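One structure is given below, encoded as structure tokens.
In this document, chain identifiers A, B, C and D correspond to the written order of the chains, with residue numbering beginning at 1 in each.
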Amino acid sequence: MNSFGRIFRISIFGESHGECVGITIDGCPAGLALSPEDLLPDLERRKGGKQKGTTPRQEDDFPIFKSGVFNGKTTGFPITILFENKNIRSEDYSKQRSIPRPGHADWVAHQKFGGNEDYRGGGHFSARLTAGIVAAGAIAKMLMKEVSIIAEVTAVGGEADIEKGLQKAINAKDSVGGIIECRVNGLPVGLGEPYFDSIESVLSQIVFAIPAVRGVEFGTGFAAARMFGSEHNDSIQNMKGETKTNHAGGVVGGISNGNELVFRLAVKPTSSTPKEQNSLNWDTKQTEDFSIKGRHDLCVALRAPVIVEAVTAIVLADFMLLEQKIKRVL
Amino acid sequence: MNSFGRIFRISIFGESHGECVGITIDGCPAGLALSPEDLLPDLERRKGGKQKGTTPRQEDDFPIFKSGVFNGKTTGFPITILFENKNIRSEDYSKQRSIPRPGHADWVAHQKFGGNEDYRGGGHFSARLTAGIVAAGAIAKMLMKEVSIIAEVTAVGGEADIEKGLQKAINAKDSVGGIIECRVNGLPVGLGEPYFDSIESVLSQIVFAIPAVRGVEFGTGFAAARMFGSEHNDSIQNMKGETKTNHAGGVVGGISNGNELVFRLAVKPTSSTPKEQNSLNWDTKQTEDFSIKGRHDLCVALRAPVIVEAVTAIVLADFMLLEQKIKRVL
Amino acid sequence: MNSFGRIFRISIFGESHGECVGITIDGCPAGLALSPEDLLPDLERRKGGKQKGTTPRQEDDFPIFKSGVFNGKTTGFPITILFENKNIRSEDYSKQRSIPRPGHADWVAHQKFGGNEDYRGGGHFSARLTAGIVAAGAIAKMLMKEVSIIAEVTAVGGEADIEKGLQKAINAKDSVGGIIECRVNGLPVGLGEPYFDSIESVLSQIVFAIPAVRGVEFGTGFAAARMFGSEHNDSIQNMKGETKTNHAGGVVGGISNGNELVFRLAVKPTSSTPKEQNSLNWDTKQTEDFSIKGRHDLCVALRAPVIVEAVTAIVLADFMLLEQKIKRVL
Amino acid sequence: MNSFGRIFRISIFGESHGECVGITIDGCPAGLALSPEDLLPDLERRKGGKQKGTTPRQEDDFPIFKSGVFNGKTTGFPITILFENKNIRSEDYSKQRSIPRPGHADWVAHQKFGGNEDYRGGGHFSARLTAGIVAAGAIAKMLMKEVSIIAEVTAVGGEADIEKGLQKAINAKDSVGGIIECRVNGLPVGLGEPYFDSIESVLSQIVFAIPAVRGVEFGTGFAAARMFGSEHNDSIQNMKGETKTNHAGGVVGGISNGNELVFRLAVKPTSSTPKEQNSLNWDTKQTEDFSIKGRHDLCVALRAPVIVEAVTAIVLADFMLLEQKIKRVL
């Protein structure tokens, strides 16, 4: 299913080189002042246009509202937003059609969908689908003005100095992975449930929906596995629940505890590396050397922070509605 | 919500020191030969009775079938399984009632549920709820005899030699965390979807439902963030989709590719450490030193592999039913 | 699936002649004072013990709380309630095993579940499963003290004088159908949505879950199909939205309008009629004459009003939670 | 929520006088040959252009595929279809803005959405939203070539001679209601579940999503309430489950029994009657006489059969996928 959420619910659709990509947001409260321009800052960040290490494709990611907004305000009904596809060079991709690209979904898509998938530019698997998610995230943020969500790249290619990490990839004529950290402040205590609807469960579900994410950790995360209990436990300091340390990353028992929510995710290197590769050609049924043409990011992690913020905002807005911390009509 | 799954759907209930804990499994195919005894091996592993580092509490985790099984076979209707609570010493826990235990859900539960939560032994937050999940997992495994799911502790307290890690904790009179790795073989190609129902998304949602899990990674995971694309890409070798390396851990584009599914998770140290701690007393509104009595695991990771296998089996059985790889009537 | 609801969510399980029937209620607000005794009045009505036209089976429908209630209050976690099965005479039913009973699910269950279904007394199809639904309904009513929900039998066997209708059936040594009307007062304006989550949609989904219901109509219902628009339209009289007539039955555009919510449902005659019947014997593969033994209601409609009230309360409590008219912690 | 379905899942959006109306269909199997032209016959029936009693508005209901179809076949990913709005005269509606139209959702929408709703032509409540539903229904029918679904108007204004019923309305300068009957042949035995996912439950949920529907009955329906059990029971004749009569309308215990599925629904008279009415003016806070301008159907039931077929097909395709009677890849 291409939908996510219980009350604030998103559904994505579209293909990289089809007519458009888009999203429908159902359950957004009525009465939110909203224009396409409100979404542009986050959409610009996703495009990452002038950033070193991101592709020059400029899709004019302008959000076209098709429903759910009237007289400049949300109506409470589904908001459908389209992003038209322009500036497409499908021929670049069709050249590789006989070689399912390593690291991409070409091979599995072909098996699962019986060859009916739109393979151009990754089709429905393309990271271009995240444009809609970023739009929904920007709306979710507008519903929670008191909450601050900030995601940043904290390492590229193993280097905390990100420029250095990128230069390593440029020198190697290769792509490279990275780490993103997200910090949320201003959350109320009490969002989330134990078990399947824990903050970690619901957040990780949508975080792994971001293409190229390979790992997620909350608070101290994997390092916690090397710690003693007495080190890891966060001592509660006062009746507001503030803790001395924040190894838990703001979530205990699946529920927000009012401290900063912190999580990190690992992004693999862009699968479309400029380097020559060897893999199967399903026409000849033999492996062969080849290289991938087209425009690709050196490091997909660079564009991802705004997407991470978006999915976080989507999850939190949903929890806030469920816990009656956001009203149905503003 | 305390439910998970689309076709093979589980719902958990109960409290650590209440009448019972239990689970209802809806959507299990009809015609599976099933008796309580089939579940005992995995339930025994969860209890971890004789293992160093696990608590001596022996709950007689015998599964009582209340519905859904007739003449020794599943009927296709909901299977409700209870585990009665015996051998309970609530007084151990009530002593700490005025001090919300660090690392536990005491404080958030109190805030979220307005003091109505059953606090005895963690109540509904208790890892005892995983007895039902292990039972459901054992049933899910029986539906997929051709699939092998094996989870193991691969490190304790940062030591690959697990005995050594445990001894460190014993020496320090403290609890300690660990790493679990799960490997699945025999999966068909094509389970999962891109985005919200990717294998990573759905698995991580339920993996984070296991108390104490702080991080999840697939394939090479966090290490992928330090790699070049040419290193990380798995070269496809033949028409079966076998790859030379398995950095992807068996999932590409959210979809199983027929190679071994591999993921790891970080388990924090047991929150109930034998060590003295300092935290808030909500009666005095001051922090104070205290120590936790009662029976607790040195390292909760030790009992967790069978739970990890269970949640993995639950997810995979659900995907297999959705993809029509398991029949509705056996 | 045997679950229903979005926030106030119920899951039923059990078989007529198995260990028990039961229900789990997830999403009930924390802090509701609740004891088994609170449920007895409605459960008594369901049993209909002394009523002419209902079966003498007295199951001691005592609700056993297994989870979710602590110190006499709901905790906010799943409430599981069991009703043990006693006083069972399975042999009455097994006699008819080779003849799938007309009007019952015997034949379809056998086909769908491959012969694995528990056929004793209807198994999971038995109206005994409604005990749990009535319990959940009683809890839902307690959450909405300002709302009055009253369902009544308004006709039996085509007679508004219900005694007369029953006597007709007794004279004919047959069973008979009936009509139930439900009226709800005190609802806020604004529950429900247009389309799939309209009050009519959601209510009818659960009303048809009551065994033997064959039709549902809202307000003027089927009679509306014979009316002119000018007759059927309800003229709004004042700023509270009170209407002169109530042909709409309190719902317009799927949304409650603050007037009395009115709907009616048709209940078929009890399928287990005392009369001799002719139907297939699947052993001989021939039709044959037979008659059904055992204890059965003359008119199942007589017990149904409390079930209708229950499902109505369940739906409305769910809408009230979604619309933030009931708090998550009381 | 504006979504419906478990595997074959639809989501509708749009407003009558906004940019467009549309639908997204998720979960449609891959490999179905599909073009916009395939949908035109059913869409034409919905417009009912030349029929007496339907409005002359000709919206050019041409379905624009935005995603999910590639090289003339479905890809297995979400299919989004838009219908652009043209030929709109919003001024007709704005004239009545101060008088919430009786029978319409104007008043409840205003209360529920705080005045943010798009009121033009009914906005999201408009029957124009059913264009998307009809498109999805046409696709669902294509997935089940062996199943025949036929809905027809069987009465208008209480007259089985439909022309006569319409003439009555024309003479009275009023609108009028009607009855629709739907008959499905070729269904396999075993679709549906007892309780909440019974065929009746799921069908009625979506049938009541059709604007103006006020009642639903299956098989003999409301008439069953006047019958004896021995009359109503359908005697099974042979090992295929064929019954002598079909009072059950093809569903027993919520499950299809292989006989013809039959249900009927009541459609209220068009709320926008040409007749003068008296109702509240919320500016003056007084009732007043007024009449509704604009183009409206004499009898909305006339356009509804194709919508009834569509929702039926949507439900059945979903059940067929769940029961593995339709493959995920064709």
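Heads up, the rule we're going with is that contacts are C-beta pairs under 8 Å (C-beta built on N, C-alpha and C of every residue); 3 or more make two chains touch, one makes a residue touch a chain.
Small disclaimer: the values here were computed from a predicted structure and weren't measured.
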item: Any chain that touches chain D and chain B; value: A, C
item: Homomeric contact chain A-chain B: same or different residue positions, threshold half; value: same
item: Where chain A and chain D are represented by their mean Cα positions, the distance between them in whole Å; value: 37
item: Centroid spacing, where centroids are CA-atom means, of chain A and chain B in whole angstrom; value: 26
item: Centre distance in Å when chain A and chain C are each reduced to the mean of their C-alpha atoms; value: 44
item: Residues of chain C whose C-beta touches two or more other chains; value: 1-3, 12, 112, 124
item: Residues of chain D that touch chain C when the two form their complex; value: 1-4, 12, 100, 102-105, 107-109, 111-112, 124-125, 129, 155, 157-158, 169, 172, 174-179, 189-190, 193-198, 200-202, 204-209, 211, 213-239, 241, 243, 247-249, 252-257, 266-273, 275, 277-280, 282, 285, 287, 301
item: Chain A to chain D touching residues, read off their complex; value: 1-3, 9, 11-15, 18-22, 24, 26-27, 30-31, 65-68, 70-71, 73-80, 82, 112-114, 116-118, 123-124, 329-330
item: Complex interface listing, chain A residues touching chain C; value: 6-7, 322-324, 327-328
